[in-house]
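Pasting the structures here.
Across the two complexes that follow, chain A remains constant while its partner is chain B and subsequently chain C.
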Partner chain A sequence: MSDTMADVREYARGTARRPLLALGVLLVLAVPFLAPSQADLATEALIFGLFAISVDVALGYAGLLTLAPAAFFGVGSYTVAKFVVDYDLSFWLGFPAAVILAVLLAVAVGYIPIKRRIGHVYFVLFTLAFGAIMHDFTFVTTWLTGGSDGLGFFSPPSVFGIDLGGQMEYYYFSLALVALVGFGIYRLIKSDYGDVLHATRQNQLRMRYLGYDTDRELMIAWVLSAAVSAFAGAIYVGSVGIASPSDISFALTGDVIIWIIVGGTGTLLGPFAAAVGLLFTQELLQNLWQGGYRLLLGLLFVVFVFTLPDGLMGFVRDDE
Partner chain B sequence: MLSVEGLTKRFDSVVAVDDVDLELRPGEIHGLIGPNGAGKTTTVNLITGELSPTEGTIEFEGEDLVGLSPSTIARQGIGRSFQVVQYFPEMTVRKHLRLAVRDTTRTVRSVFDRDADYSEEIRQVAERVHLEDELDTVARNLSHGQKRFLDIALVLAMDSKVILFDEPAAGLNESETAEVREILEELRGDYAILIVEHDIDLVRAISDRITVLHNGSVLTTDTPENVVQNPQVREVYLGE
Partner chain C sequence: MYEIPLITADNFITYALNGVSRGMIIFLVASGLSLIFGLIGLINFAHGAMLALGGYGTYIVIQATGNFWLGLVVSVALVTVLGFVLERKLLYWIYDEPLLGFLGTFGIGLVIEEALAVYFGSRSYTVPSPLPESVQILGVSYPSYRLFVIAVGAVVALGVGLLLAKTRLGLEIHATANMQPTAEILGVDTARIYTITFVLGTALAALAGALTAPITSMYPTIGLDYITMAFLVIIVGGMGSFKGSFVVSMIVGQIIAFGWLLLAPTYVRIVIFAAAMVFILYKPRGFFGKPEVHE
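== the complex of A and B ==
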């Protein structure tokens, strides 16, 4: 690595680390005031940031290459929308229901490839099949999902006298939930459990002979990832007011995988920052060049895989 | 302490391990030798749960180990090292040892263990294998010999009662082999050790008893002196 690159890295993880973090927190808190017209986009960015974090737990820490993140995100958004739009039930009841459904589906999809240890490639294929089934399911079961029209429209309710239907209100509501769940995941990953997953990803055989039930640890990571993805989807549907097939699409799966690669697999903050940054970039490009965003994502994927495989955060953080 | 009786493993028509009896006594170092393909590593894999025996029993402190998973067997106090060193290339020596020292059933709940400090245990184990100055070194940057010592350290950190070393000196130079020998000598009495090794001089020097395998069967189990004098052993193993 050149001296300049090394200096940048040293600066980013040393002197500039705390000011950069503080600036980031301030920006996040002030967005609705600094750019009120962008509050909706900022809300979306936060939620997709949490979504990226959830997938990073499975992909980056446990080494489980899932091709079904959007399926779980969609389970979250559709469950809440179904509860509110069709069943006239509480918006809040949709959240635990979404998480429980995601957990059950994750166990069903992951049990055989993980617990039976039939090979990593089968896990990829199982999730690919699950993602495809879930996507097609939304189109063919119109009575359940609304088909291509989706399920909408609705507004989130008031809580403690605050109308969450307002842009700014829902932004701070989302921020609170994203911060809470994101911090919980951060604490978990920074505990010994993060090292257990990290080590399992590197050498399952050695971990088993140290006494770890690696199948159990991988299942926990997989189910946790699915549950948080669904939780992110549940927050998201409150923001846009409709659950639609794009929430469960392979395009979204592709997006989240690229956010993680650009931000740095197994870094949590990197995928979060990449999701936020690229979502704003998408908005910017949409007005300048339709279709430019997809091309940019493709280019970023190639460039990062070949030149910075550890992503932006991987470049900044310590060797370990 | 560890008792193996009638242990047999067949792979279709091939009998890899054939009616093997083996007893590991507390505190002893027991060598397991034999030509390539004699069934040494298969025996270790059967004891540690990597493979299931076709026939036979494996008892550890009175409990049957057959059918248990490798992680359960490891938690019961049987540790092993590998012919090809198994480690975590992206982690420091300290993190390796922390993973080995801590409660392996308390993983997600470790989020509540903020004050868990294993530094003293880690330091003690690192000293036993001469890695105390490498605690913060990322494992991929260790020399081959140091990786071997790390493999041994992981087993020691687990607080095992029985240790199975599968060729701990493989690929090491003379001075590193001497270091392994020194480390193993220092473990004498603290653990029941089964050592599979091709370096016959090393096995003779440190073993209390030696079992010789040939074509999957036990040829003899005896003291090192008697084993090297055994005409059958000299014929099949030493080629005389």
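== the complex of A and C ==
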């Protein structure tokens, strides 16, 4: 049994790797033609995939257990929506603004806890409080965020004669951005910095003795994760056309954590694939059993946590 | 802008009592969390779901029998049994892995909340107050049910406080929290202590859920609001400190009760959360925390 599994794994890693990768790329490129009605969903899946990757950089690679990823995603979506809807500025200007804002916020929130090395448990609770504040904040600052109505609606602009308001156009636009940023993260994780991050998560003290400034390395991962989350949020708001409090809610944080755990922490493809797969599963189930999806998702998650600790070991190892 | 209402002596007493009853509910939630965290080191994210179950259980029994008191007892008993089963069958295996514990309880909480959402829908439910009349107290007319909540909270605080401070069981709980292997060698059945503590904490959450049902409306994710607040209470009070959770719950109750005179309620929440963040950074042991507490 396990031999066959090992064979399959070996096969997928070795001879079949390139063909499988090519097949995956082809599939992703062909989605709007295979299922034109699902292009919106596919766009959303890509964006949430990128979001899951970005959170995994902090959670899986750096070992920073954050409960506030949705806060940064929301900053991204709200910034772009604010620029377009309220300030009448360019959609494009919203992207750098969203990323800069997320970086500033990440530094402001993360600097002291990372510097003071407050430990996993306190980091979880610290980010939980931060996430709750951000969510509450969206509801009370109606003048800034539109309260529970959110900020909307708008359509992304045309560029070079291509109207990004179209489903298919926006899909390829998102695909290009997600692929670009995803590849950037991949290169970074494969670089020496990725190794340093791995080692820091596993034995921070030892890395410090070896002369690494681990606080700085973790800080970079934290800020990078926030920036990419906000970037994903910015792409997302272009697709749905409205920034709403659900972009910043604890429910979204829960979803992204589930994607990462199910996909496997400390991998890039895992969370991405899990996000895409689970989003499509949700769509399929929606018609069969309204409302039951999240129950099944929760059960799936529990099963993973309790029966597949191997997939979770990377996550757990650093605590010892 | 937000109007600042005038406050009279009568209002003052009413708000203060509201604050006490609110604080008692928060205390019931926070003390359960704090017990579980202080002893087992488990960040129990399923705690909020237990609270929701306590509330919905009460609702079901009231629908069936019309008796709130029966509902209170039955739902707390059932959730206690559920807590026992969960602890023995699932959570027991992951105590050595705090991060798995956090994820596992998060998942269990999600399953329970979603099951409630599937069964009841996401609309909110209310339960009629079992003690609709008001009584005269300190010169104001005040709902007797809220006084009942205050009394229950006080009795539980006293009872569990005495249990921890004066009994053999309390001693064993402290010993296990302090140094589990040593306690085990000295003859304490630590596995049993873990179970008792978890079940006691869960029962407190269910009690809070059942008691809060006639005061606030229930919805499947009601627990999340409470545990976010409760987590911050136990940080400020000191992780694992029973006294700390009580004192800080009372303070938070008063802040919520009077805070809205100055600020919109959501801002009051934000202020409390922000204060807790500062505590996490600069005084992680809170007011009453002891160095023995699991981190």
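Throughout what follows, the second predicted complex is superposed on the first by the 306 of 320 C-alpha atoms of A that agree within 3 Å, B and C clash if a C-alpha of one lies under 4 Å from a C-alpha of the other, contacts with A are read in each partner's own complex, and residues count from 1 in each chain.
Definition applied: a contact is a pair of C-beta atoms (placed from the backbone, for glycine too) under 8 Å apart; a residue touches a chain by one contact, two chains touch by 3 or more.
Keep in mind that this is a model prediction, so the values were computed, not measured.
With both structures placed on the common chain, the touch criterion links A:Asp192 to chain B but leaves chain C unconnected. Of the two partner chains placed by the overlay, neither chain B nor chain C lies in contact with A:Gly165.
Look at A:Gly24: by the touch rule set out above, it reaches neither chain B nor chain C.
A count of residues in chain A touched by chain B and by chain C gives the higher number to C. Legend: residue contacts after superposition of the two complexes on their common chain; A:Arg208 is shown touching chain B, with no touch to chain C. In the superposed model, A:Val302 makes contact with chain C only, not with chain B. Look at A:Gly147: by the touch rule set out above, it reaches neither chain B nor chain C.
319 are the residues of chain A that lie in the contact sets of both chain B and chain C, per the superposition on chain A. For chain B in complex with chain A, the residues that touch the partner chain are 48, 69-71, 74-75, 79-80, 82, 86-92, 95, 98-100, 102, 104-105, 107-108, 110-111, 113-114, 116, 138, 154, 158. Looking at the complex, you find that chain A touches chain C at residues 65, 112-113, 116, 118-122, 124-126, 128-130, 132-133, 136-137, 139-140, 250, 254, 257-258, 261, 291-292, 294-295, 297-299, 301-302, 305-306, 309, 312, 315-316, 319.
Chain contact summary for the complex, chain C toward chain A: residues 41, 43, 90, 93-94, 97-100, 102-104, 106-108, 110-111, 113-115, 117-118, 121, 224, 228, 231-232, 235, 264, 266-267, 269-270, 273-274, 276-277, 280-281, 284, 295. Within the complex formed with chain B, the chain A residues making contact are 187-188, 191-193, 195-196, 198-199, 202-203, 205-214, 217, 220, 319-320.
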